[in-house]
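Chains: A, B, C and D, in written order; residue numbering restarts at 1 for each.
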C-alpha cells in the first residue's frame, strides 16, 4: 500500500528517484551549495552556463567539484539569454564543455524585470535544439497551448512557471497547471515561483512530475534545512497525489458537494 | 544545520517527536486503521469514547488491541457531545476506563450540520475539566480571543479548526491561525478541515505546533499512502517554518516588495 | 426583469433602500464626513458614542449637524467597550442623549490589538439589551453557531466580521459567511474588514443583506469617490446575487463542472 | 471630488463612457439580447462574424436590428478561427459587410476545449491586420511579454483572459494582469473568464481599462439584472481604482503592514 518502488521520474530515458530539481545560484559559498543540494536529495542539478565556471575558466573554482557529474545529472541552462540564437549558442557551449552532454534546460527570457519567457523565441530555439540532437527541458509560461506545442516539437520535459522567477509567490494559476498536466505526455516540472514547502506540495498534488527551484532554498534563512523541507514537501505532494485525496465538501455530515460554490 | 534533535512537541509534560495526531474513525477495518496509523508516524491517537469500544463492551473488538497504550498516547475525545455536561461526563468515563488517564480532547459541538464548536459550552466544560484535574486539549473555532481564553483557563493545547470537520477544505482563515499562534504559550494544533498534504504543510508553516486529522487520511483512496503523505507534509511544513522562508516579492530582479499588493 | 422595487433592507421594522451602512470616524473634517456619507448613499450611519459628540459636550461641534437625524437613521455603537457592563451603559447613555432611540450597534471588544469581539461578553450584553427593549444590531466573529445564538437572543441584525476592523483584508472565510447567511432569519450585515469595492460586492454576492464600513472609505486617498465606489459595489453585488450567477466550470465547451477541483 | 467627467475609455481615437464591453451570444432570443445589452450600458458590442447574421444571409433575422450601428460601436470578432489566415479572412469579410469598418477583435484559438489563444498565430494575424489598416483589439493569454509585443505591433487594445472563455472563474493570476497594466500604453481590457460582478470590479481595481464579457451575463438566471450588476461592478471597480484604496494591514491598531505575510 506504500508508494510503489517504481514511482520514478523518467527524463530522456533516464530514471530518477527524486522529483526535486535544484539550482546552484545565490548560495553563500560552495560549502553551503554542496550541503543544501545534498539535503535536497536532488539528482538533477541545473547550472547557469553563463554565470558558472564548469571549466571555461581553468584557474577558478569549478562547480563540478561540488556537483560531481558521476553523482548528479548536470542540467546546463541558458539563464541570461534573451534571444533564440544566444540560447542555442549557450547550449552548444555546454555540450562542448561537458563532452557531448545532450540534456539542457532552455530558457529564453522576455525581459530582465519579470524574467518571463519570450515564448516565440523559446519555440524557435526549442526547434533548433531538438533538431540538433539535444534533449531539451524547456522553461515557459503556464499557457497550456504553448506547453503542448513544446511537447510536440520534441522537448523531453516542459517546465511551466508557477510565478515569476525568484518571487516565491507559489502557483498563481492552478487551473493552468492542471490543464497542462492533463494534456501532457512528457514530464511537467514546475519551474520558478515556488517559495516554501507547501508550494512544492501543491504542485505535486496537481499532478506535476517534478519541481525545480533555487531561490526558495538558497534565500531561506537556513538553506540546508529548507532543502530538507522541500524534499519532504515534494514527496508529500507526490504521495498525496498518488493516494487520491478526499473530496472537498462544505460539511462532513450532509451530502454537501462544493460545485464551485466559492471559488 | 538540520532540524535540531530537540524539536519536539511538548504536551502536558510529555515530549513527542511526531507533530501529526490522528483519529481512528471511518476506516474500512481494524487492519487498515492499524496500517494507516503506523504509516502516519503519529504518537497521539484520538478516540471517540461514545463511538468506540475501548473496554465498555467486553465481548466486542477493542480498539486498544490496534492502538496499544504502551506504544501510543491515547487521546479520548468527546465527539458527539452537544452540552458541557455530556462532554464532562464523557471525559470522566474515559478516565475510569483508562485507569486515571488525564489527557482528553474536549469538543462540545454546536450543531450536527456544521460540527462547529459551541464556544460558550466549550469554555464552561474546559473550566470544569481543568479544575477536575484533566489535561485538556480543546477543539474550538479559530477566534483568537477564545483561543487565548482557553489557554488562560489552563488547557494544555488549543485546537482551532481549519475548516469544518470532515470538509477537507484546508485552512480558511490564515490570518486567524497566525494570530492565534503568535498569542499562544501552549501548543496550537490545527484540528479539522485539512484535506491533503499541502494543507498540513501550510498549517505548520504558519507556526502551528501540530495538526490533527482523521477524514483526510481515512477517506483517501489509499489511506495508508495518504498517511505517509501527511507525515511528510507535517514535517516539511515544520522544517520550512524553522528554516525561515524567503520573502514573497513580485519579481526577483528589482526591489519589489509586495506590501499586500494583491491579497 | 430589473431589481424589484421592493428589494429593501428591513431592520427593526424600518425599511431602507441602501444596503451600505457607514461610520463617521477618521475623516479629515466634518465637511469631508458629510460629503462622503452623502456619496455613499447610506441611510444608516453609525456613531461611536464614546468618541463622538452628539450632545454630551454642548459647546463643541456636534456630529448631528452633519448627520441630521431626520434624514439618517443614527446607529449609536459601543466601540471602545471591553466589557458587557460598559457596552450596556454606553447604549443606555445613547438612548438618553437621543430621546429614547432604541436602535444600537453592540460591540464588546476582546482586545485592543485585533479588535476582535469578546464573544461571551457580547452574548451577555445582547441578552441584557434585548430585555431592556433595545433593537440590537451586533458585531461578532464569523462563527455560525454564535451568529445563530445572537439571532435567537432577539438581535435585529447580526454583523459578522469579514476581517479585523480597519484591516481592509476583505472576507477571509467565505464559507463561514455563506453558512451564517443560510442559517439566518434576520439581516446579516458584514461589519469590518472590507477594503475596496469588490470586497463589498463579494459580501453581497454571498447573500449578505448589507455591509457596514468606515476605514475603507475614510482612509482612501479620495474618500468621497471611494464612497461612491462602495455604493455601486454593494448594489452590484446585490443585483448579481438576485440575478443568479452562471455556474463556475473549468471550460465553456465541455461538461466541465468544478466539483471543488482546486479550492 | 467625484469621478472626473473626462474619465473615458479611448480606443482607436474614439471615446467611450462605458468600460463594459459585451457580446451577443447565448441569449434566449433577440428581445433578451437587446434588453440585456441596454441594461449593461455597453457602447461597444462584439459580434462573432462566423456565427451571426449581420447581412450575410439577407432573408434571416439581422443582429444589426437589435444593435443599431448608429447607437453602438460594433466590434466584429473572429471567434471560431483556429488559424491566422482564417482570422484575417474573417476580419476582411466583416470590413466588407460593414462598409469599411476598421475596428475588429482578433482571436485565434489554440484548441476547442480550452478556447485558449494560439499565441504565435495571434501575433502573426495581428501583424497582418495592422499592416492592412485594421484597428485591432486582440484576445490573448495573460503573458505580460506577449501583451507588450501585441502593443508594439500596433494593436489598439490588448485583451488578456482572466480565465478560460465561458468558465466564470474570475481572474486567476492577478499579478500577471497587474504587470500587464503597469507595462501598457494602450487600453488593457480583461476578456473572458469573468463570472460575476465582483470579478469585474477586481479587474478594474487592478487598473484595467475595461472588461469584456458575454457568458456571465447571458447565462445568469436573470440576464438583464446581471447586466445591470456588471455595469455597476465595472463602475465600482473603476472608481475604487481612481479613489486609491486603503492599504491592507493585519490590524487597525498597530503598525501592522502585510509584507506578503500570507499570500
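As a convention for this text, a contact is a pair of C-beta atoms (placed from the backbone, for glycine too) under 8 Å apart; a residue touches a chain by one contact, two chains touch by 3 or more.
Heads up on the chains, UniProt names are A, B, C, D = Thiazole synthase.
Note that the structure is predicted; figures quoted are calculated from it, not measured.
Trainee: Quickly list, by label, the chains bordering both chain B and chain D.
Mentor: A, C
Trainee: Most remote chain relative to chain A, going by C-alpha centroids?
Mentor: C
Trainee: Write down the chain pair in A-B, A-D or B-C that repeats the interface of C-D; the criterion is over half of the contact pairs matching by residue number.
Mentor: Of the listed pairs A-B, A-D or B-C, the one copying the C-D interface is A-B.
Trainee: Using mean CA coordinates as chain centres, what's the chain A-chain D distance in Å?
Mentor: For chain A versus chain D, the centre distance works out to 34 Å.
Trainee: Take the average of all CA coordinates in chain A, do the same for chain C, and state the distance between these two points in whole angstrom.
Mentor: From the centre of chain A to the centre of chain C is 47 Å.
Trainee: Residues of chain A that touch two or more other chains: which are they?
Mentor: Counting only residues that touch two or more other chains, chain A contributes 114, 164, 169, 174-175, 179, 247-250, 263.
Trainee: Going by the contact rule set out above, which residues of chain A touch chain B in the complex?
Mentor: Chain A reaches chain B through residues 1-3, 35, 39, 112-115, 164-169, 195-198, 200-202, 205, 215-216, 219-226, 228-233, 235-240, 242-254.
Trainee: Give the list of chain D residues in touch with chain A in this complex.
Mentor: 110-111, 114, 116-120, 123, 141, 143-146, 148-149, 163-164, 169-170, 172-176, 179, 263
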